[in-house]
């Protein structure tokens, strides 16, 4: 049973006088407890797909098609109603952890303000939960961490904090936009493990955006390959990587050192 | 919030506005318009002018008697009930001290009593002995710079009768006079507040407080019109014109200031201005009617630097008229080749509402019609004055305000005089004029007037001074003041306003 | 494009070319700069600014033809209100205000442009030296610039003008002395950024000396921000000059000058036209330069634009 | 601090030699940070040395030291028997021009205001052998010849990086230092550019130091690999040896963290 | 980019003093150096002025007497070499002696004590207005980027920085005071009003302290127009700057992250966007203060506002050297202090500076 089902999603942006199609007829599903990976070259529309679900498409853009979230149609949903889902039901983690936090607000403040907003819990209670959740994402010394500022953490730690912030309201959907691209391989492994755990433990429907097939090969359950706003191939992890059907997917994977693609 | 301003929150205060020309109100140092306006209200003088008539010195604190040879003046204390603002009575000692302090501290007005020996005779009498005949002395003594101060208090506050005097600051903050007012606060930059002197021996002033504000002429226009101010001193004729005549009263008096063009006699410095023909050409090229127009109604022509109302003035109908043909001929004679003559003036000065910068531009335009080219050299008055004093300026606008209403005050324009030095005009350059000068100095009684007139006519003839205009001293008074006294002596008498 | 259509091989780097431009601010800005330099004036503000400026340039150029009367001649009644003959009235000396306004454009515009050119050159040379050589050269130059900044422009200019005497030349010197530091600051920081940028280092590795890399590699990259700053600064220079003239420390009479006319006019509230129109002239011409400068700045990339930002005014 | 003896080196006379080199940065707050400490390395002729390690371990600093862009706090660097002197305000000494660099960010390493031809010509002037011309360079890096007349903004990231490589090659370097030249490129472009670099360097008889944190690519192109951790080199060896038989625990950790593209769903590490 | 904490510590030689303390000390050091520089500049500047202070001090009569002139020169130390004069000046300065005005014989320090609060009152009024209005307009304009509102605000702010202050002042005075009587006239109070007992020297504050409501409203009525006029330029400046500052921030990831958390738009704007934009804005406010002081000279002239600007103008036109030096010094110091404070605020507001 899919949590989110995207059908014929189209997105176009008007810059100046010209209209630019960013997404064309994108369709795929996200399922609870499963990680859906989106791969594609730079500029293929991966991030915009994630943002469309969050209702954060750029200004002056038009979205059409359908995003069905547990019975709620997200395309065309009034921003107020969408706002009630954001943070609470739909959560997102960004690529660069060092820029995804406000440098002048403490960690504790930043990972609880939406909790307090959505759940109306007290400051004290929020902090208590924050500490618990930081522990769950394996941030060292959660009690001290809540009163520190972002620049006092390393990138990997910040990304863990970002995950903590994303899951604190117990959402159903988590969109992770290249959560490991800015990190070292050793740190990346830890984050991927965390992602897998969270997905399984919380029964999250995860959308993992990346251009790294190595990452997809490690954690994704299903993979969607995009090119220039189009979905060129969708499939389960192993068959898609070892025996890609589409020319484009194949050439992508073949170009990677150490990739083992079975000849057709 | 400005709405209630007309309601005259003013009460018993009278608000007067002027663009400050104020360095001090220590009477014996004070030499500027604003200082003397204030000191007039604070200090009494030995002699006074009757009803502002500058030709008639009369008794003030003292009565006087002049010896036949004009060398000895005897002052007798007359107002025995006069009291200083602290209650001390005014004594002969105070007067003697004041005279001696004026002489000794080498301030700007010290020259008033040059060559005069002050002697106390007894507790009622003072003798002033002059080295040379000094017929001007009665005209000098009413000057507010010779105000009588409380000797005892001033001495206690570092006051002396020599250069070591240190009472200036004290006198600025604490006036020591016997006049109708005393200083309440003194701020040379923005405003001076006077309050009534309860020990004053005359009638108590109706307005027990005087606020004199430092305000530019353009602000004065709006303030007098809007009832923010009661008295404005600096309005130009153009500005006065625009006022609502139903809301204000206007008092215009002939000014005691003269405005003239000076020409340097030194060829090195002045170039063409050293040539008498060029100078006379300048005098003929000016369009005096237009200049008079700038001065406004009641402005007067001048035939010499001496104001028309003064003894020794050259009758104004003898002033030259415009004659461009003559000017051109004179220029030919002078061999003037059209070179530009630097023309200096104070760009930030207005004399009785006559803007010197505008005057300079008018003169430039007029002289151009005769083929004389001026290149204007404006400067803030301080800088301009520096250059003038150093006798470095070829040509420009000068102004002279009478220190006392006697022709001898205009000796500065005669070769060897302090102003003449600034155009490098020395004694001996014009033997003719030297002779006339000697004669004028010697003249006595009724002969003095004509003798001086002859002298100044001759000096003016040289074209070194080209008298331009005698402006009008205009005081605008709001209708809140029902009666007031404004005359050539005091401009505006706060004590007599009602 | 359908899914089955043949795809370019993903290894062809060119396929990301278009996006690449949008992704890098520096290059994107420069591209826009190059393509739209004339277009900068086609934004509404830029267009209005350019139009106003063009009008003023024409006015200045043809002033003698446009001015109906001799701006110096005192031929009319004094303080005549605007009428058929003197369309903007006459001043206290009976000169035609319109003629004076028109002729004044001839002094103001070239003087402002000249002073800005000089201070831009002086400031950016000093700033470039400071930024490139760093250390004590930088300290000395920038501390002097700080000092100049520490004095309000007009007061410093006032003292200089008062000391040297009023006059256009001295006003220009005064403004020059107070306005170079903003160029120095901007140039310095641009040069400092450029200096540590990889293309400059690459040049140094190829054996460029410091001077050569400054001239050949860095200079072309800092001129456009300087041009923008200078455009905006012409307006400031006009304002400062007008301020000095207003305080009678600028242009010497009888040369017509807007600031001086305003100063003359404020003493005549009832003859409002004397001060009002010159003020309007200053406003429009400064607005024109600011409009143009602002549109130019918009075509710069955001980062550099910040450098050139309002802070330097 | 572990200093590993670099005993895998073959030729007797190394082209480039680092001898106990250290480098310190002054911090804004007043302290000092030792970014590189006690590094000894040697680079032979016509070999590619891969330099790997996690972010901030001092790879770039080391590259700068080699090019004379930073001043070593201790130790000596010799290139072709000339000591490498820090670059001051003057020209770089001729004997050091043999070291050239390719930078990480292709968007910043070309001058946006100069045509490609001019930038290449500057570099060509250095090469006494005149091996290349502008056209042959462009051809070598697979770019159309009309690229010479254009400005850098009209090229994509991958194209720019190829131009930067061309420029570095034009100078006829003996050592080419690539500081993460592929890091900011699309994953699918990385291998292609890296291989191109290696081929061009070796063809023109130069050696290369290739810095990257992507071990799988280093594996593809390097002859030898040096592993850095926290400012020091922890292990040096031939690529095969490091890959198949890592000695140092850090190297093992690094290698085991690389995700394999095998579709097995195994999280590395 | 990110090094794990232990690695950092291993290679780190920590500074001997706390970074924040060091930051403050360095800023103080630079400020003192700058102030010293200001004394040098004022001193040199006034020595370039071609006028003889002795003549100005002595007046006509005494200046004609070479003996008195020589004596005065000696007394004032003007016969000494320039460098000695400078150190005498500096020595006096350190004792709080700024000299005596040549024109009014009033100690410069005393006069500045009088006029300074006037300027401060005007300056604070103007800066408050400009900060509040400028920041809000800038924020609004950025949030509504490329809409009519944005275009209108941008155009207006450009016009605001293009208007000649003295002209606006005159027009404003004519319209709002002379014609409409909406505000008080020239000066800081109606002429007959007595200033409130001096505590701070700011009439609005002092009158409130003394409980004189009438004086307060009057002072406020006089303050409002000049500070608006003065603020016009800085409003334009700050509007433009805060707009671009906010636009820079809006693009950042943390703003998208905040939106993605479903926070109320108000929270996103004020807690995230505005706070981030504020830091650069604070710096500009410091700089704007400088332009405010410049504008004050002209504004004060029109409104007969007896402040530092007028005092400076009088000093400059009468070439009253001690006054020029004094004002230059005071303004320089104020500017430096303001920027010092800005730096400190910057340091405290931004945790990245606070703990390095």
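Which chain is which? They are A, B, C, D and E, in the order written, and residues in each are numbered from 1.
To be clear about the criterion, a residue touches a chain if its C-beta (ideal position, glycine included) is under 8 Å from a C-beta of that chain, and two chains touch if they have at least 3 such contacts.
These are the chains along with the protein names UniProt gives them: A, D = Peptide/nickel transport system ATP-binding protein; C, E = Peptide/nickel transport system permease protein.
Everything numeric in this text was worked out from a predicted model, so none of it was measured.
**Q** Which chain has its Cα centroid closest to the overall Cα centroid?
**A** E
**Q** Counting C-beta pairs in contact, does A-E beat B-E or the other way around?
**A** B-E
**Q** Counting only Cα atoms for the centres, state how far chain A is from chain D in Å.
**A** 34
**Q** List the centre-to-centre spacing of chain A and chain B in whole Å, with centres computed as mean CA coordinates.
**A** From the centre of chain A to the centre of chain B is 89 Å.
**Q** Distance-wise, how many Å sit between the C-alpha centres of chain C and chain E, to the nearest whole number?
**A** The mean C-alpha positions of chain C and chain E differ by 24 Å.
**Q** Hey, how far is the Cα centre of chain A from the one of chain C, in Å?
**A** The answer is 48 Å.
**Q** Provide the list of chain D residues touching at least two other chains, using ranges where the numbers run on.
**A** 55, 186, 188-189, 192
**Q** Counting only residues that touch at least 2 other chains, which ones in chain C make the list?
**A** In chain C, 10-11, 15-16, 162, 266, 269 touch at least two other chains.
**Q** Residues of chain A that touch two or more other chains: which are they?
**A** 41-42, 155, 252, 255 - these are the residues of chain A that touch more than one other chain.
**Q** Could you list, by residue number, the parts of chain B that touch chain C in their complex?
**A** Those in contact with chain C are residues 216-218, 221-222, 236, 238-239, 242, 290, 293, 347-348, 355, 357-358, 360-362, 364-365, 376-380, 383.
**Q** Give every residue of chain E touching chain C within the complex, in rising order.
**A** 33-34, 37-38, 41, 45-46, 48-50, 151, 154-155, 158-159, 161-168, 170-171, 174, 178, 237, 240-241, 244, 247-248, 283-284, 287, 290-291, 293-298, 301-302, 309, 312-313, 316-317, 319, 324, 327-328, 331-332, 335-336
**Q** Would you mind writing out the residues of chain A in touch with chain E in their complex?
**A** Against chain E, the touching part of chain A is residues 51, 54, 56, 83-88, 90-92, 94-96, 98-105, 113-114, 117-118, 149, 151-156, 158, 162, 165, 182-183.
**Q** What residues of chain C sit close enough to touch chain D in their complex?
**A** 10-11, 13-17, 20-21, 24, 26-28, 30-31, 34, 133, 197-210, 216-217, 220-221
**Q** Give the list of chain A residues in touch with chain D in this complex.
**A** 41-42, 155, 184-190, 192-193, 196, 211-215, 217-221, 237-242, 252-253, 255-260
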